[in-house]
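The next part holds the structures, each set out as structure tokens.
Okay, so chain A shows up in both of these, paired with chain B first and chain C after.
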Partner chain A sequence: MTALTERLARLKNGPTSENLGLLVMLAVLVVGFAILSPRFLTAANLGSMGFQMPLLGLLTLAMLAPILSGGLNLAIVYTANVCGLTLAWTLMQFGGAEAGMAAFALGTVLALIVGALSGAVMGAVVAYVGAHPILVSLAMMIFLRGLGEFLTRGGDISGFPDYMRVLGHGSVVGIPVPLILFAVVALAWHVLLRRTPHGFSVYMTGSNQRAAQYAGLDAKRTLVLIYALSGVLCAIAGILMAARFNSVRVGHGEALLLITVLACFLGGIDPFGGHGRVVPVIIALVILQVLSSGLNLIGANQHLATAVWGLFLIAVMVLRSGRLEQMLSLIMRKDK
Partner chain B sequence: MNKVTGLVSALALTFGFSSASAAETTMGIVVKIGGIPWFNAMEDGITRRAAELGVRAEMIGPVSADPALQVQAIEDLIARGVDVIGVVPNDEAALEPVLAKAREAGIIVISHEGPGLQNVDWNFELASAEGFGEAHARLLSEQTEEGGTYAVYVGSLTVPLHNAWADAAIAWMEENRPDLVPVGDRYGVAENVDNSRSTALDLIGANPDLRGFLAFGSQGPIGAGRAVEERRRTGEIHVMGPFSPGQGRSMIHSGVLTGGYMWNPAQAGEVFVTLGQMLAEGQSIEAGMDIPGLGVVDPDFDGKDIITDNLLEINAETVDSLAEMGL
Partner chain C sequence: MTTAPAERFALRLHKVSKAFGGVQALNKVNFEVRAGEIHCLAGENGCGKSTLIKVVTGVHQPETAELIELFGEKVDRINPVQARQMGVSVIWQDLALFPHMSVAENIAFDSLVGLTPRAVRSRDMMARSKAVLESLGVQLDLAAPLQDLQIAQRQVVAIARALMNDAKLIFMDEPTASLTQSETDRLLDIVRKLSANGVAIVFVSHRLAEVLDIAERVTVVRDGNLVGVYPTAGMTQAHLGELMTGQLIETEVTARDRSDAPTVFAAENLTRHGEFTDVSFQIRAGEVLGLTGLIGAGRTELAHVMMGMRQADGGQMRLNGASYRPSNIRKAIAQGMAYVSEDRLSLGLLQKQPIADNTVISVLRKLTTATGLISERRKAEMVRHWIRELGVKIGSPDDPISTLSGGNQQKVVLAKWLATDPKLLILDSPTVGVDVGARAGIFRIVRALADQGLAILLISDEVTEVMFNADRILHMADGRLVAEYDPRTVTVPELEEHIYA
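Entry: the complex of A and B
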């Protein structure tokens, strides 16, 4: 019983120790890179990181919610691609590079609808058929990929209006526009998960779907909704990707899929669902970005850099986890 | 805290601590993917030429062939303030915005295998599509005295470069060897050994007058060669095309594969550095210039393309040394 109240308390107040470990790691990295390269703390480099992180960040948030509900969404990258294609196709209907703002708005709405729909379908299959989310989202991933490749014949659609460049590469008072977009979405996501009844249902469903159902929550509706919202986030990521690359092709960003899972787990999300917060995941994202940009900046040997990357991930997890202490105390107890 | 210091020192091992003076030209070359033989050879070329010219150049190979990773690597290079950015694009269109950004920052941009790129100072090729296709067609024509049919493979029907090679080769054959005609349309199987082999077995069975395979795509010659070997038609049916020398070495020696052409990635790496240094010093590229690694050039000023034919023949004499380079 104490364990349960403890857990509830953790859920309510948030484990500050978890954030602390991540922040310490981040500080060590920033100080380390700043010493090694005078260019690390320049506006140019910070700006470059600010432009790079949002894409991975949006996809990670899209991955986060399904994991919290006890599932997984492997289709995020291809959902983003297909939503990007929807936008690109709409723009092409209105003259490609000459398309007006209205066309962009329409394309955005259509892309969001496509994202929500593909998410909702996944959610519905997970909730009502009871298939495992990994299988469902894998199937969806293959379907979306095949659909995209069929529609584009593997080629790309490029040449968008100039104002889209602002979304991908512009700055407002020195802050990259993609970063502002990400901050707004992350805040909304945080509020949604922590402050709304729907967010509460997600956590409860993730902890124990059957118990949530018996407690009077509509766990199935929750699942459909959370996958649909995850699809909407993918759509936003897809639109950002189109703006940043000025082109859309099925397969852009493929390499980011596993990194989003990694960022979630680094941020202390319980792989089995029910526990985890947005803030540590964002800190984890910043750590990954600092590590990636920092290693590039100091010109680290490419072959060793991958190994160092892996080492750091292990170190972050060791430093972060309050579970280390929990496990230690468990072992102690057994000894007694 | 010990863990942290340990990690920092592990990290320190990977730094290229070198004495960078302010005047030294710095270059970063972003390739399609790191850790494969082709780009390892390119890295050797880059390092060698950078040492000769006394500049700082390094190659960045993303962990997977995803244009998103190339965009990130280029953004990091811009932040670092390098003088020259080189790129071998995975997807030309996706790189345009970030390359435009680089040029706005005053960085010189050079590309290789990216003839369609707009936001570059120069793009260079060691093989033109026509020259490459025609060289293979000529090889087929030399091997085959009597008339008959030949089959054409491409990696996939959507690979623009392979199809351009195939177009050039077929056009050359029509003009010079009207007695040799292509059998059917081209086959998009050459990225896969098994598909190449089974398609070749079918074609050999169906066409008694089949004289050769022109296989564009790295696995096509290998697969077709295996089929010819299985049917014991070595010497009657000739197989040619670009392939990895290490993979096709024994088949060349046994005569199943006639050979083919490729270009040297190490040479491309050297050209990146040579061209980068020339442009960084403010030299402009003129028609008729003799650029080391490219030879006498005839640049296309509108398309910003420098296209040369520096083909490397793969045959019984050259295959071993090429394979030893790790290619």
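Entry: the complex of A and C
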């Protein structure tokens, strides 16, 4: 009996309830859009959602880990851009559209290195200098943007080998390749954060860096590593962007930056660090994608979708705080 | 001191009851405070002390109450605003002050806020704050931001703020918990001064010595029931402890001779400029070495050097016979050192994280499998083992550690370090904010660990704590070890005299 009540209590308060609430929200949205638009539950729409979501998803995961560590990474989009540029230049060196698979492999490795490096630099400054992550990553963001625009003269680089289309537009047994890539990365991210000593350190450092150090964790190394890994995810996102758009341009995906923060908070990540999980964030991403695609299908403007995202987040925060009743009673009293 | 019929009461509560859910927090409790009296409210955590305070201040409404009387005036219901207007103030342990505001702004806070906009008259505010501080015999920089003040000074600011509201009855919740002995003495002087001016003080403290020192009478509450009201004259700490916990508290010297045991740790002429000088001592296996002295004597700094968190400027350390000079805390831990910080709230534990994670945080290596992943099964086993071993009372291991009482939190801190299998355990003021019954439990564990051969350095500024729990006592003053005492041949008053002289 007590075991049962305990289980119920945990279901009510634990991460499962977080997931449950989001899943209910998702179900309501899916049913709603399915009723409003007959095209919503078609393979074509689901497929296009599967192609659109992974880019935002990868960037969100890159944002998630630094937030868990008590920080933020505002440089994610420009890190992705510069990593994409790294790949693009490598391909250009080997003949552009004619470049072979080996050139692509080399470009990928170089892009990952650039991503990891830019992340590690941010992490090192945050950890060893003690500067605020918002300032550090903002500085890195401006640096990467300026550097990228200087090197590309503000233009774009395009004309990649055909096989890259598979990465951006291909499907395996009906599942979009970008979605598979995202699923693999998300699983790895989940395992890294929840099951490895490094992930454990990220949560502890995010919760209270000094206490974590007193307990013998290497909080500084943890920070360097998690920002570097965030940079690696940006690189993957940058490569995917290059493949999807068949071009690289500094500023591509700029609008996604704040959406990634939105997705993290919608997924229940503690803005002050130390708490949050990958799974609810992924559900939150799906919700955002459903909202955007659904609104698009029923003929609403894309900008309206953005506005709805914002409203949605405010609503979620109100619901989550459990203060709805109090607020209502307050409003009632004021009326009197 | 006679019970004259004209005796005036600041507060009279008769048969007050309050329940939360199924828990009877207060069960027909009587509580009386005379005007100008220093009265102590004693009891273990969760006994109903806070509920009682909250009833008086109108935060909670009692279910039933035969009589509620404030300053001779019968009241049916108290609400917080009314309580404050009548002159009741509470200084909670966290003080509820504003760190970024100035001392004067903090003191005058209640006259600054309000629904009607009005100009803040800075000069007037300064003058009034200054007057209040002067009445307490304290000088503070009125313009300094509160966060620049030491805790003891902030405490004074909180008192001054209460006086600004013409408080005639002040509740002080654990006011000395984070103060050193000399700061405590100064605070107690201020409390006596308030009492002489006719302000009644209700003092809540875990430090029994202090309670007996300052209060005229003590009301003891246990599990929501009134145990009794006693004059402090003639009361002993042991007896008061028994009344509070309902169990016998051992106050016996437990010291034993460990001079045959091998030396685990030795410091030779250890020096860190500006903190301590030429410190030499040894700790043997199975020995509890007490280290006492006033704060600022360099005790915590010494512990930090032993843990590699700071580096010594001179001298040497040896651990198990080998030269020992850790460059950071991780190396110290790897070599068998463990450190229970004096600041459990912000350094000893990660308050918002689960009990389980706080238990295993220092031994992640022991939990990983060949794949490098943490084994959930091994983690759960380890947590279960230590929770049982140390008798920690918890709900679920996934609950945040902040949900536990101070005593149970400290047991988790011990568990965390014992899991690392240490050779030397440093306990830095291990019973701050831990109630009497739980203290005894913690020291039983400490003694059992020593019996198993663990070397323990017990740092404390409570003389009785080292007296009853250490095998030898070192006295540190101004960064030097000035004397060594054997608890079996020295008495508490003698020791106190040496340390506070």
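Everything that follows uses one rule, which is that the second predicted complex is superposed on the first by the 292 of 336 C-alpha atoms of A that agree within 3 Å, B and C clash if a C-alpha of one lies under 4 Å from a C-alpha of the other, contacts with A are read in each partner's own complex, and residues count from 1 in each chain.
We adopt the following convention: a contact is a pair of C-beta atoms (placed from the backbone, for glycine too) under 8 Å apart; a residue touches a chain by one contact, two chains touch by 3 or more.
These figures come from a predicted structure and were not determined experimentally.
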### Task
Identify whether chain B and chain C fit side by side or clash on chain A in the overlaid structures.
fit
### Contacts of A:F312 with chain B and chain C, given as first, second, both or neither
first
### Task
May I ask you to decide whether A:L217 touches chain B, chain C, both, or neither, giving the answer as first, second, both or neither?
second
### Task
Report for A:V191: first if it touches chain B alone, second if chain C alone, otherwise both or neither.
second
### Task
Examine A:L167 and indicate which partner it touches, taking first as chain B and second as chain C; both and neither are also allowed.
neither
### Task
For A:L138, decide between first (touching chain B), second (touching chain C), both and neither.
neither
### Message
Applying the document's definition of touch, where does A:V28 land relative to chain B and chain C: first, second, both, or neither?
### Response
first
### Query
After lining up the shared chain so the two structures overlap, which partner does A:D156 touch, if you call chain B first and chain C second: first, second, both or neither?
first
### Message
Tell me which partner touches more residues of chain A in the superposed arrangement, chain B or chain C.
### Response
B
### Task
Specify the angle subtended at the CA centre of chain A by the CA centres of chain B and chain C, expressed in degrees to the nearest 10.
130
## Note on the structure
Min C-alpha distance chain B to chain C after superposition on A, in Å, is 28
## Note on the structure
Intersected contact list for chain A, partners chain B and chain C none
### Interfacial residue positions of chain B with respect to chain A in the complex
3-4, 7-8, 10-16, 34-35, 58-64, 66-69, 71-73, 75-81, 91, 93-98, 101, 156, 158
#### Entry: chain B partner contacts - residues on chain A that touch it in the complex
28, 32, 36, 39, 42, 44-45, 47-49, 51-52, 55, 153-156, 158-159, 165, 168-169, 241, 244-247, 249, 251-256, 292-293, 295-306, 308, 311-312, 315, 318-319
### Task
Under the touch definition given earlier, write down the residues of chain C that touch chain A in their complex.
329-330, 333, 339, 341, 346-353, 357, 361-362, 364-365, 367-368, 372-374, 376, 396, 398, 416, 420
### Message
Can you tell me which positions in chain A touch chain C when the two form their complex?
### Response
6, 10, 14, 191, 195-197, 200-201, 203-204, 207-208, 210-218, 274-275
